[in-house]
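Heads up, the next two complexes both have subunit A, just with different partners, subunit B and then subunit C.
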Partner chain A sequence: MSVARHSQLSPLQRLLQGTPGLWIVLAVAAGASYGFVQSPRSLPVRLLLIFSLLLIYFMPQKGWIKLLYGGGMLLIVLPYLGLFNPFLMELGFQIAAFATLAIGLNIVVGFAGLLDLGYVAFFAVGAYLWAFFGSQQLWHTDEAPGTFTIFATFPFPAWWFWIFLGVGVVGAAFTGVLLGFPVLRLRGDYLAIVTLGFGEVIRVMANNLDKPINLTNGPQGITPIQRPPIPSFFTSPEFLEQLGQLAGRPVGLNDLYGFFFYFMAVAILVLAIFLALRLDNSKLGRAWTAIREDDVAAVAMGVPLRRTKLAAFAIGASFSGAMGVLYAANRTFVSPETFSLTVSISILVMVILGGLGSIAGVVLGAAIVTMLNIDILQTLSLQLSSLRQGSGTIPLLGIPWASLPTQLDPARYQRLFFGLLLIVMMIFRPEGIIPSQRRRLELHEEPAQEPLAAQLEGELEPDHKLES
Partner chain B sequence: MRPLLELRNVTKCFGGLVAVNNVDLQIEPGRIASVIGPNGAGKTTIFNTITGIYRPDAGTIRFDGQNIAGKRPDQITAAGMCRTFQNIRLFHNMTVLENVLVGAHTQTPSTLWGAMLRTRSFQRAEEKARQEAIRLLRYVGLPAGLGDQLAKNLPYGQQRRIEIARALAANPKLILLDEPTAGMNPQETEAAIRLFRRLRDELGVTVVLIEHDMKVVMGISEYVTVIDYGQKIAEGTTAEVRKNQRVIEAYLGRSAPSEQGPVGEGS
Partner chain C sequence: MRLHRPNLLLEVLRPLGQLLVFILGASAAISAITVLTAFLIRGTRTDMDLLQITLILLPQVLIDGIVLGFMYATIALGYTMVYGVLEFINFAHGEFFMFGAFAGVEFLVWMQGQGWLPDGQGWLAYLLLAGAVGVGMLISGSISVSTERIAYRPLRGAPRLVPLISAIGVSFLLQDVMRFYQSTANGAFYRTFPTFGGFSERITLFALPLDDREITIAIQMTSIVIIVVGSVMLVGLNYLVNATRLGRAIRSVAQDRNTAYLMGVDVNRIIAVTFLIGGALGGAAGVLWSFRFTRADPYMGFFPGLKAFTAAVLGGIGSIVGAMLGGMVLGLLESFAAAYLTIFTRGAFGAEYKDIFAFAILILILIFRPSGLLGGKTTQKA
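Up next is the complex of A and B:
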């Protein structure tokens, strides 16, 4: 995007300028890391780690310095810390996975302006592809769920995972086109409702395709799903021994997979970011923006609406297809529950919270929502329940913790928190936490002059033919 | 000479309203032609039908030797016809340069793979499109250095020029301008008229414009078509049209045309 960059630095960025800035960021990152080694289970320390990543993004230094810092953190420091608490790798995996999904959705919603409420469907397609071919489901297609025995071997060897990573991309892109065709003529609310229905259809299909041919094993889901083989060098006892010494605890195959999936998710995320940035700044990206701004003018300038919209659906979907395959392997289990409407909404919340159309914002949005989902609220709940076990009383109120009703468990209020978060955002910062350049200008700069004749002509509504 | 654009018996209805009624129209290549008529006569609808935004209910439209009735707008643009809008339809939140680059969509050969891999040919195509866009902006008389401004932040007269540059970026043989001088002051109008002439003289683009400002119409049109109630009621040179009884009636019946200034703006 060639919108002139704001040359002003925010107060935070001014603080991080020059050599002192380098040291400040380094100190925060090192402090967070040290804190993690000291107390690997502390939530504030995890938040501090994420904050240090954010600082690296915001620091006004040259690109390669930021890349060095960021790469060092993501590829060396975090995995090292992961030795002390494997949950860190799980958290990193989930954040990277959802950030990739959010980037894919951002292409559809943020770039092309097509509101898609069924985005999780593409994730499901990728996940079920590997779930079906990477498990023994292929041998059970004529058996009802829950009746079969587990075999010793699988129809496809585990390394086919790598091939299915590509198959997932293609399969999801194809599904994206499939969804795209019927909704090409629709706009706004109508589009949202149809895509919402599409997402549900895929989930319901996953639920019901256990008969007449058992493809998905119904609500019980498919398990076990194979994980790709890890090179024998890493699984050798000596190597595990060494890792164990570093960590001060025994390190097993499961931990190795934790690292593997973390690195894979980060790699796919980086690729997704890279592609999204390049696409945004190309002929196709401009065509998407043009369609979002005014599809009649865009088509009159020679932008083929159908092809451009389908490209948005297909490319957006392909990111989540790859992530679906990875997710299925990571969990070794998929069931329709994973792909409910609330997940679609969560991803949309990430996009809107972070900043519609802004890649950095969307990644941050994914980090915040995922942290809330699987870390912050859970941790608070855990702490609350441990307080409830004890005999203490709530300060000021004098009520014993034990008599606090379980209905007040923070984890139950996940949706409420998202809702509140969104409302607060829409009031104070509608363009998102890290807005895209375009949105920032759009929402915070008044047009110099209202076009005079804008109201002269009645609203030009194109024929339906236009989009067929 | 074979007409560049030829409409035969074109009809377009909106429900019971016949907005364009059995219109024949021929535009010779290299002409500057005008379509005039009172408010609501159906001029814009004719443009929309030609450019494929609406599909004609009846009739044929031939452009540059091929039948374009029923084709999609982007196909018609690719065939060499581009337009501006009566109520400026720039992409408000894109920069001026990006607007023109979107106009060059059919002329930029870059592919999806090229964009992802940033191939040499992709970079060359993008750079060429950029240079061409900058050149066009200068050509339509936009002050230098406005390329990075958001389109919506520019004054009205400049937005009209950007719309013309955006249309030119499609490398059209024929350009359709819908009330391109509406809302301009006399100096701007003068400059606009000079620009339209240059489009034809220097770029060889055939120009068709819808105009309410009789000074503009009489000043530059070589051929005038008059529309009233969706029907063509007269055509010919400016002198012929001016004398035509039906034209005088059509205008006097609603809002009298004057040579002093624009008429019939606003609705």
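Up next is the complex of A and C:
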């Protein structure tokens, strides 16, 4: 930590410096954990928990200390708290899953500058791969949806999940190349539209491939999908009883799977972060930056355009393929509904909100959007509906809560929040919450360095092509 | 100094002639291909005479396709104009279309509430429909201009990804704003187009005998209205852009914004006007769309918007005539795919694949001819 770095610290970071900082962060984390044990269902406590993780990331301490703190939180404290409210593990799983997807998309959009609006298609490929081979769908390919019975056995044993984790990666990467080939020549907005169309094509196909051969079971989706087996040590009655004593409630197989998927998702996320960090500084990563900034100049400098773009698509897609397989196993059910455009856009919102090209930012963005999606808005909806049951009136307006129509459910207005977030971010902070160094410089150039034309009332496009 | 005085009559007749050529050419080509296919594979089905079925369906499929084509063309003009001026895909255009549809439907529903909607045909029914289209255009146009002012103008000069993402945001925001409004106002988030004026009446032109059955050529009043309104819009826009002072300013900004600025063209105003015109056309198309499919809902803009964009690219984005051609071709293709795909493939591929069709075409065009069917020299736009 040089002096120069310290001079750039924000007031919050200055507070977290040195030994006192360590204790402050520890106190916040311990307070949040204690609060969680006291009231496991409280939304503010959950937010405080996430906030303490953020503090750990931001505190200006040595790397290994932050790693120790973060690892302790993620691997010991959160699972322990999850014993009291299994929803925490579900939340953790979803955040980690979407963070992995966001990191994958970040490679395509943030690193290589190729705007992909159909990213969920790769997720769908992974999910449907395990859904097809991990369920009994293989036996029903010549039957219409809804007409067949469920057998006791499966064509593939459950441990094949591990193999399909790899198959999902390869399958999604292959799909990425497949999409990449025809759109290699496209740039910017055209690419966006084509990828959007591609995402819709995958969804329409999932919806309609129940005939002539029933591959996806149509809109009804595929269920049940097998979950990977858990080692018998964990499923033994003694172990479950011990866990139950710790939690103060009976712990069953479903709780165990909650922990299992949480750890799996965190493991994949950590791997993804590691890979993305390494890639960013690699030769390939620099080639991506080069084609993002100016592909003509990049080609002139000897960057193989075709291979570099395809690599971005394939690597970005592979992350979401792995997550797709895991997601299918976690839900034991997939249907085309899960892979709508809204999901693609919300992953994009995560990337934009956190900061294009910035890995820490993208993970934070994923945490915020996922919390908003499955926790904050849902909690608001619940509270609103309980208010609607009561006889109170809206403060200031004097209208009784009960007269609010049920359609005004905050959980149904995700698009409103996402849309607003996108516009506001683009206008006021296009580089995101935790910007990558390069973006910050790019989007906040010194006025003196800009071409004169840009200063004419600020509306004329300067002649630089910071091409998407 | 006036270099060129446009001939008013010519400016009206030329686009009309072009439209007619496009419709006839595209219809003839696609009908020929379909009938030929039916003839070639008629042996694969024993339960019905494939050729006969094809011929019986053909007139209706053609009319549906042309009507759809007019609507796509009208929406596509909004994309094409904005792209021509700003080189920017206005992602939220589908939502302007949706707002127009709702405005028109709300206007008619309000009229219905007043008891002013006639049941039978007559000049009043046409007047009211024209009023609905006008209201739709007004609302969409204003939404379009305000969007440009609030969400796009501050981002001009930023990297190209930035306004595009903002446009996606606007699109999502507008969908849910409308849903919110409809939910609070009506309790349901969609609206049904009121039935009035006897527009659903069919006029049978003539019938042709074919073996033991006959081909009836009938056209719904709705279709005629849409075709007429669509033609007026297209011709009017063509006139505006090619033969007026404002149109010249628009073209100059599209060609070179900086030079136009130096020549005294108020660039910001022209861009706002472009959004106004594009949005208004989208709104008109929205009213016609809900008139045709008798329903307006907050998410209706997505697919028509995407397909109209495809149409604009197909014809050559930035070109008004191209948008008309692209819309017509796409409308016909989709109508044919929806009608014949199921019959030809024995139900293996349903009409649902018509959406995939549009995207496949888009991708193929972008690969092989990024400048579109009528686009001039290929610039670095793709």
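The rule is simple: the second predicted complex is superposed on the first by the 437 of 468 C-alpha atoms of A that agree within 3 Å, B and C clash if a C-alpha of one lies under 4 Å from a C-alpha of the other, contacts with A are read in each partner's own complex, and residues count from 1 in each chain.
We take it that contacts are C-beta pairs under 8 Å (C-beta built on N, C-alpha and C of every residue); 3 or more make two chains touch, one makes a residue touch a chain.
Values in this document were obtained by computation on a predicted structure and should not be read as measured data.
A count of residues in subunit A touched by subunit B and by subunit C gives the higher number to C.
Contacts of A:Asn207 after superposition: subunit C is touched, whereas subunit B is not reached. In the overlay built on the shared chain, the residue A:Leu275 is in contact with subunit B alone; subunit C does not reach it. Applying the stated contact rule after C-alpha superposition, one finds that A:Thr289 touches subunit B and leaves subunit C untouched. In the superposition on chain A, A:Leu420 makes contact with subunit C only, while subunit B stays out of contact range. Looking at the shared chain after the overlay, A:Leu348 reaches subunit C, while subunit B stays out of its contact range.
In the superposition on chain A, A:Asp142 makes contact with neither subunit B nor subunit C. Comparing the two complexes, residues 442, 453-454, 456-457, 460, 462, 466 of subunit A contact subunit B in one case and subunit C in the other. Note for the complex: subunit C touches subunit A at residues 88-89, 150-151, 153-166, 168-177, 179-180, 183-184, 187-189, 257-258, 261, 267-268, 302, 306, 309, 313, 347-350, 352-353, 355-356, 358-359, 362-363, 366-367, 370, 381-382.
Residues 44, 48, 51-55, 70, 72-75, 77-78, 82-83, 85-95, 97-98, 101-103, 105-106, 108, 110, 112, 115-116, 118, 122, 126, 129, 148, 150, 152-156, 159, 166-167, 170, 179, 182-183, 265-267 of subunit B are the ones that touch subunit A when the two sit in their complex. Listing the residues of subunit A that touch subunit B in their complex gives 2-4, 275, 278-279, 282-287, 289-290, 293-294, 296-305, 311, 438, 441-442, 445, 447-449, 451-457, 460, 462-463, 465-466. Touching subunit C in their complex are the following residues of subunit A: 109, 113, 115, 117, 182-183, 185-190, 192-194, 196-198, 200-201, 204-205, 207-208, 211-212, 341, 345, 348, 352, 405, 407-408, 412-413, 415-416, 418-423, 426-427, 430, 442-443, 453-454, 456-462, 466-468.
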